[in-house]
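In the two complexes below, subunit A is the common chain; its partner is subunit B in one and subunit C in the other.
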Partner chain A sequence: MKMKLTLLTAAAFTAVSAVFPAFAADDKIVVGFATAQSGFMQAYDQPAADAAMIRIDEINKAGGLLGKKIEVVKADTKSDRAEGAKAGLSVLDQGADLVVVSCDYDFGSPAALAAEAAGKISFFLCAESVKAGIQGVGPHSFSASVLAPVQGATMAEWAFKKKNAKTFYRLLDTWTEYNKGICDGFDWMMPKLEAQGAKLVGKDTFKNDDASIAAQITRIKALPKEPDAIMLCTMMPGAVSAIKQIRAAGINSMILNGSGVDGSYWLSAVPDLSNFFVPVQGSIYGDDPNPDVQKFNAAYKAKTGQDPSSQYVYPGYVMIDVWAKAVERAKSTDADKVVAELEKMKGEPTLFGPRTFTSELHHQNTAKYLIAETTKGKPHIVDSWTISEPIPLDALMK
Partner chain B sequence: MSISTPATDPILSAEAIAARKPGPFSLAGKSIVTPILLVLILLAIAIVTMMIGSKPFNQVIIDLFVRVILVVGLYVFIGNSGVMSFGQIGFTCLGAYVAAWLTINPVMKKMSLPGLPDFILKTKMEYWQAAIFATIFAAIAALIFGRILMRLSGIAASIATFAMLAMINTIYSNWDRVTGATSSVVGIPIVRSIWPYFTAAAIVIFIAWLHAISRAGLALRAARDEPTAAAASGIDIPKQRLIAFVISGAIMGAGGALTAHSIGVVTPDNFYLSLTFVTLSMLVVGGMGSLTGSVLGVVILSALIQGLRFLEAGVPVGGSMLALPKGLQEIALGIIMIVILVLRPSGLFGNRELTLNRNRSE
Partner chain C sequence: MLQIVFDALSLGSLYALGALGIALIFGVMRLVNFAHGDVIAFSIFALLWPSTDAMAIVFAGNLPWFLLIPFVLAVGAGLSVLCEIVVFRRFRNTNPATMMIASFALGFVIRYFLLMLYSSRPKSISLLPVLSQPVEILGARLPLLQLITIIVTIAILFGLVIFLRRTRFGLEMRAAAENFSMARMLGVRANRVIMGAFALSGALAGAIALIFGIQTGTADIQMGAAVMLMAFISTVIGGLGSLAGAVLAGFLLGAASVVMQVILPVDARPFRDAFVYGAVILVLLFRPQGLIAARGTKERV
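Showing the complex of A and B:
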C-alpha cells in the first residue's frame, strides 16, 4: 500500500513537473511588436503601435486579460525585410502569443510568416492589401485596418449618392499596391453606379515620382465637360504634387482619395484647397461624432505628447481590442482557439466602427467610414458612409 | 609555340623548364589550406549557433552564410579580374525569382503569377532542386550578358554592369504577370535550418578557390595585374573574364535562391542598390583580392553590425539600461569602415590568404 502511494506520488510529481514549464510561462500574456522602430516605416508603425499600447495599458489597468498582465516585448525591423524576419523570430523566442507586424504588407510579411510557421497569431498594424492575412501569410494572420478597395468603393458610392456626382474620372498612380487597391475598389463599384446613371468619362495613370502630370491634366481638360469627380488613387509624397497641379490647371472637380492622404501636415503645400474628400476611420481633427474617439485622441496626446497625425493611428487600438476580446471568449491564448473566436466576430463593435472576420477573409471588405472634406485648407468631417454591399473576395483577389 | 635554339639560351632549355615546372597538384596542395580553414571557421560559427539555440541568432547566422555566398560570388569576378562590377546582384535577383517560381504552391502561383509558362506553373520542387535551377539560370544569363560586357574594361565595364542591374530591376519591377511586379511574391517555403546554408557556403568557397588556382583564374589575375603583358603572352582577356563572370553569376544565383528561402518573400527592390552596396563594401573592407578577405569581411562586418545592434537594443548596466540611439549602428558602421580603409587601403587582408605557416611561400 505504502509502495503504491509512493509510486503514485512519484507519478504525480513527474506529471506536475512535466507540465510545470507550461504553467511557469503562463502567468503573463506576451504581445510581441516586430515593427519598425527606425527607418522610414517607423513613421507609419510607431503611431499605430502607440495606440496599441494605449489599449494594452487600459486592459492591464482593468485587471489584465484572463487575470494575467499583458507584457510587451519589442524587436526592431529597421524597415528592412530580412531584419523583419529576425524581429519576428526574436519576439517569438521571447514567448509572444500575438505577433504585431509592420503596417505594410511587404515589410510586415517576413515577421508574419515567422509567426505563422510557429503557429502564432500575427496582426498587421494597418496593412490594407488583401494579402495581409490568410491570402498572403496563412490562417493565423490578420490585419487591423480596412482593405484599400473599400476606400475607393466608399468614395465613389458616396459621391454619387450624396454629392450627386454623375461623371467620374479615374487617375491612378501605379506606384504601389495600395494605390491600385483603391482604384480596384472604385472599378468594382463603378459599373453598379453606371447602371444607376453615373458615367466613367476617362481613366489615366501616372507614377508617384513624376515631376509633372501635365499630359494627364491636358487629357482631363480636353474632355467636353469637366468631370464631377476625380478618383485620385495615390499616396504621399507624390499626392501633393498631383493635387497641386490639378488645382493649378483650374480643374475644380471634387477630388476623391484613399485614406493615405489623411492628415493636415501637407495641406500648407496646397493653400486654400477645397472640394477635397478623404475616407477616415476616425477623425483627428477634433470633430469626431463619437465622443469616445475624442477621449482616445486626448489619451494619445497624453501618452505621446502630440495629436494623432493621421487616421492610421487608430487601427493599432482596434487590433488589441478585438484580439483581447477573442482571448477572453476563448479563455485561452491558444492560436487556433483565438482565431476561431475572431472568425466569429460579425460586426463586432469597436471604437472605430464594426469589425468582421470570416474563415475566408481576415480583413474588412466593408466598413463604416467618416468622410472628411477639406474646405479652404481646413479638413472637417461632413458625413459617414458604409458601402451598400461588401466587396466580394474574387474582386479583391484580382 | 616553338622554343628557339635551346643551345644558346640555357634558361629556355627543356630540362630547365621541366625543373621549374611545378608538380601537377602542387599549387592546389599549397593553397587548399585556405578554403579548409575558412570552412572550418564557418563550421565553428554554425556549431556555436546550434549550441546557443536562439531562433533570432540562428536567423542572423543564416543571413551571414547567405552574405558569404554573395560576397564570394563577387570576389570570383571582381577580385580576380579587377573589374568593379555593380551588376552581380542582378543575378541574385534572377536566382531568387527562379526559386520562387519553382517552389511556390501551384495553386497560389496560378493566382499571383498567371503569366508563367504552363510547365513552371505546374511544378513544385524541393528548395535544393530549385536552387540548382536558379544557379543554372543565373549562369546562362551571365553568359549572355558577359559575351557583350566582357569586351569592355575599366570604368566602361563598371557602368555597363550597373546598367545591366538597372535593366534587370526594371524588367522584374514591371513584368507583373511573371514576377508580380513590385508586389511581394509570397509562399516560398522558408528553410530555417542552418545546415543547407552552411553547405552551400562551403561549396561556394571551394568553387571560388578552384577557380582561383585554375588556369583560367591564374590567367585572369595575370591580366588584372599586367593586362598588356598578359595579352602579349597569349591570354584571351575577354574569354577569361567571361569564365569568371559566369561562375560568379552562378554563385550569385544560388545566393539569390537561398535568400528567397531564408525570408520567404521576394521583391525586386530586395535585390537592388542597398544589397549591392552592402555586399560590395563587405568585399572591399575584407580585401578585394583575397578569398579570405571576402569571407572574413562578411564575418567581421556582420559581427560588428550585430554588436552595434545589440547595443542599440540596450544592455542592462547596474539598474539602468544603457542603449545607443536608434540608427547609430549605420553611422558607427560607416565610420569603422572608413577607418579600416584609411589604415588598410586594400582591405583587411589585401591580397593575402589565410594559411597555417606565417611566411608566405612564394
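Showing the complex of A and C:
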C-alpha cells in the first residue's frame, strides 16, 4: 500500500487519502515539519521550529495529547518553493495531522496548499501576511505570528500616546510584502491620530539593496523641523544600512520599526544607537515582565545551545500550544473539528499574549506587544501596548 | 542642492569602482565577470570568523585601519587571481558566452561557500566607526564616509591612469586591451597581464566591499549582486572595454538614480529603477556602442 502510494501523483494521493484518512498508527499523533532545514530560509525557520519542538516535548512529558504521544516527521524544503510542495506531500505521506510550513508566505504556501488539498491543517511558523491563512491558502491554514500591519499601527499609536510624538515621517522599503504591511498598518492608524493632533510630514521609499539612501536622507533633512518619529518599514539586511545612514547623517528622531529588526545581533553595526523602538511578542533580553517567558528562554538555550536571537522564535511555541489545546477540546485530530475549536478561541491566553482566531481571519489583527527601546546600543523593554481597535479586514486586504 | 551633488557623486563612485573592475577584465580577455559581485561579498566576509550564529564573530575586522585596508584589498585581489588560475585560464580560448556562463557558475560557488560557512543571515560589523560621523562642508552636512568615498575614488582613478600610462605593465595592459593577439606577438606576456588585470579588479572589489561594509554595517551573501548589476550596466553604456567610459557611466548612473529619487513624486518613487533603466535604454538606442566606444571592439573593415 505504502509503496504504491509513493508512486501515485499528488492529485491521486489526495483522492486516496480521503478514502483512507488514517495511515498513522492510532497510538500517536503526527506533526510534520515541511520547513527549510537547509538553504537561506533555514536561518529563519529553524529557531521557530526549535521552539515548537520545546512545546511538543513538554506535552509529551506531561502524558501526550489525547493520551497519545506526538511524533515529529520532517521534510526539507531546501529554501525552494518547488521543493516546498514536495516536502508538504512528503510529511502528509508520513501521516501528518498538522503540517508546519516555512516562516514566509511565499516559501510556506506550496506546502500549505498541499496540506489544504489533503484536508489537513497547516500552520505558518511566523508569516505576517494576511495571505498566510484563509485568504491565501484556504480554510485549514493558520499563521502563528501577528500581522505586520499590527506592528506599524502599534508603533504609531504608542509613540503618539506615550512618547508624545506629533510629527511623523514614513520611510518604506518596497522590497517585500512584509515591509508594505507594516506601513499599511501605519497608514491605517495615522488618520485617527491626525484627528487628535498628529501630523504626517512626509513619505519616501527606498529599496532594501540600495547602495545608499543619501537622497532619501537629504529629503528628511530638508524638512523645516526634524520629525519627532520616523516610521521605518523595512527588514534585514537593508534595515541596518538605513538606520546607520540615518544616524550618520545626524538625524536623531525616534525610529519606529516592525518586529523584523528585533535582536541585538546587528547592533554592533550601529554603535551607541539610541531612541530606537521595536514591537516584540516577548523579550529575548532577559527582562520580560512574564517570568514564564524567561523560563522558556532558558529552555531554548538548553535545547539549542544559544539564546533566542530574535522574537521570531516565539510564534513556534504559540503554534503548538494553541493547536494542542484545540485538539484536546475537539477530542480528535480531525481537521475540521480542530479548525472549529481554533476558531472559537477569543483572547486565548498563551505565553506570548492572547490569541484570537475567527472564521474570517486565522491570524492576529490585534495583539499585545511589548515595546523594546534601544538606548546606547542596549535594548530593553520599556512598555507594552495593544492598539485601541483591531485592524479591519478591508484595511488588511489593501 | 550641494547635498544632492555629494549624494550623486558618492553613489556614482561606488558604481564607477565596480564598473572599472568589470571593464578591466573585459578589456584583456573579453570576459564579463559576473563573479565580481561575489568577490565583493567574500572580501567583507573575510573579516569575520566562520560561524552560523546570528551574532557575527569579528576576526580580522578588528585590525587597525592601516592593516585592515590592505588586508581587504589583498583578499579581493587574491580571490580574483585564484579564480583566474583555477577557472578562467581554462576557458581562455572559448567564446565569450561560455566564459560568461562559467563566471556565473563561479559566482554561485563563491556564494554558496559563504552560505555554508556563515549561513544566510546578514552579519553585522562595525568597521572604522569614526567614518560614520557627520561633517559640514559648504553648508551641506554629510557623513564623513561619503566624502572619503568620493576622494578615494578620484584618487584610485588618478592612480590607475598613471599606472596605465606611465608604467610598462600599464602599457602592456593597454596594448592587450586594444588587440590581444597582436600584443602577444609583440612580446606581451599574456598570463602576466591577465593576472594583473584580475588582481587589480579584485582589489577594486575589495575597495567596494570596504566602502559598502562601512556604510551599511552589514555583510550579506547577496550584497554584491546589486552593485554588480549597476556596474555591469555602467560598463555597457560606457562602451564595453572602455575604462574611461565605464567610470563616466558609473557616475552618470549614480547621478541618475539620485536625481530620480529627488524629482519623482512619492507615488512614482517605488519605480525609480524603472526610470533609471529607461534612461539606460535611451542611451543605448542613441549610442549602441556606448558613450565612449573602445577602439578594440569596433568592427574592422
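Throughout what follows, the second predicted complex is superposed on the first by the 374 of 398 C-alpha atoms of A that agree within 3 Å, B and C clash if a C-alpha of one lies under 4 Å from a C-alpha of the other, contacts with A are read in each partner's own complex, and residues count from 1 in each chain.
The criterion applied here is as follows: a contact is a pair of C-beta atoms (placed from the backbone, for glycine too) under 8 Å apart; a residue touches a chain by one contact, two chains touch by 3 or more.
The structure presented is a predicted model; accordingly, all values stated were derived computationally and were not measured.
When the two complexes are overlaid on their common chain A, residue A:K163 makes contact with neither subunit B nor subunit C.
With both structures placed on the common chain, the touch criterion links A:L89 to subunit B but leaves subunit C unconnected.
When subunit B and subunit C are set side by side, the one touching more residues of subunit A is C.
Of the two partner chains placed by the overlay, only subunit C lies in contact with A:A215; subunit B stays clear of it. In the superposed model, A:R355 makes contact with neither subunit B nor subunit C.
Of the two partner chains, neither subunit B nor subunit C is touched by A:H140. In the superposition on chain A, contact of A:Q37 is made with subunit B only, not with subunit C.
Once both structures are placed on chain A, subunit A residues 39 are touched by subunit B and, in the other complex, by subunit C.
Interface residues of subunit A, counted against subunit C in their complex, comprise 39-43, 79, 172, 174, 203-205, 207, 209-212, 214-216, 218-219, 221, 236-238, 240-241, 244-245, 247-250, 263-271, 306, 309-310.
Contact residues of subunit C toward subunit A in the complex are 3-4, 6-7, 10-11, 14-15, 52-56, 58, 115, 119-122, 124-126, 129, 132-134, 141-143, 145-146, 212, 215-218, 220-223, 225-227, 230, 257-258, 261-262, 266, 269-270, 272-273.
Listing the residues of subunit A that touch subunit B in their complex gives 37-39, 75-76, 81-82, 84-87, 89-90, 92-93, 105-106, 109-110, 113-114, 117, 129, 131, 136-137, 175-177, 397.
Taken in their complex, subunit B has these residues touching subunit A: 54-56, 58-60, 63, 111, 182-184, 186, 190, 192, 259, 262-265, 267, 270, 312-313, 326-327.
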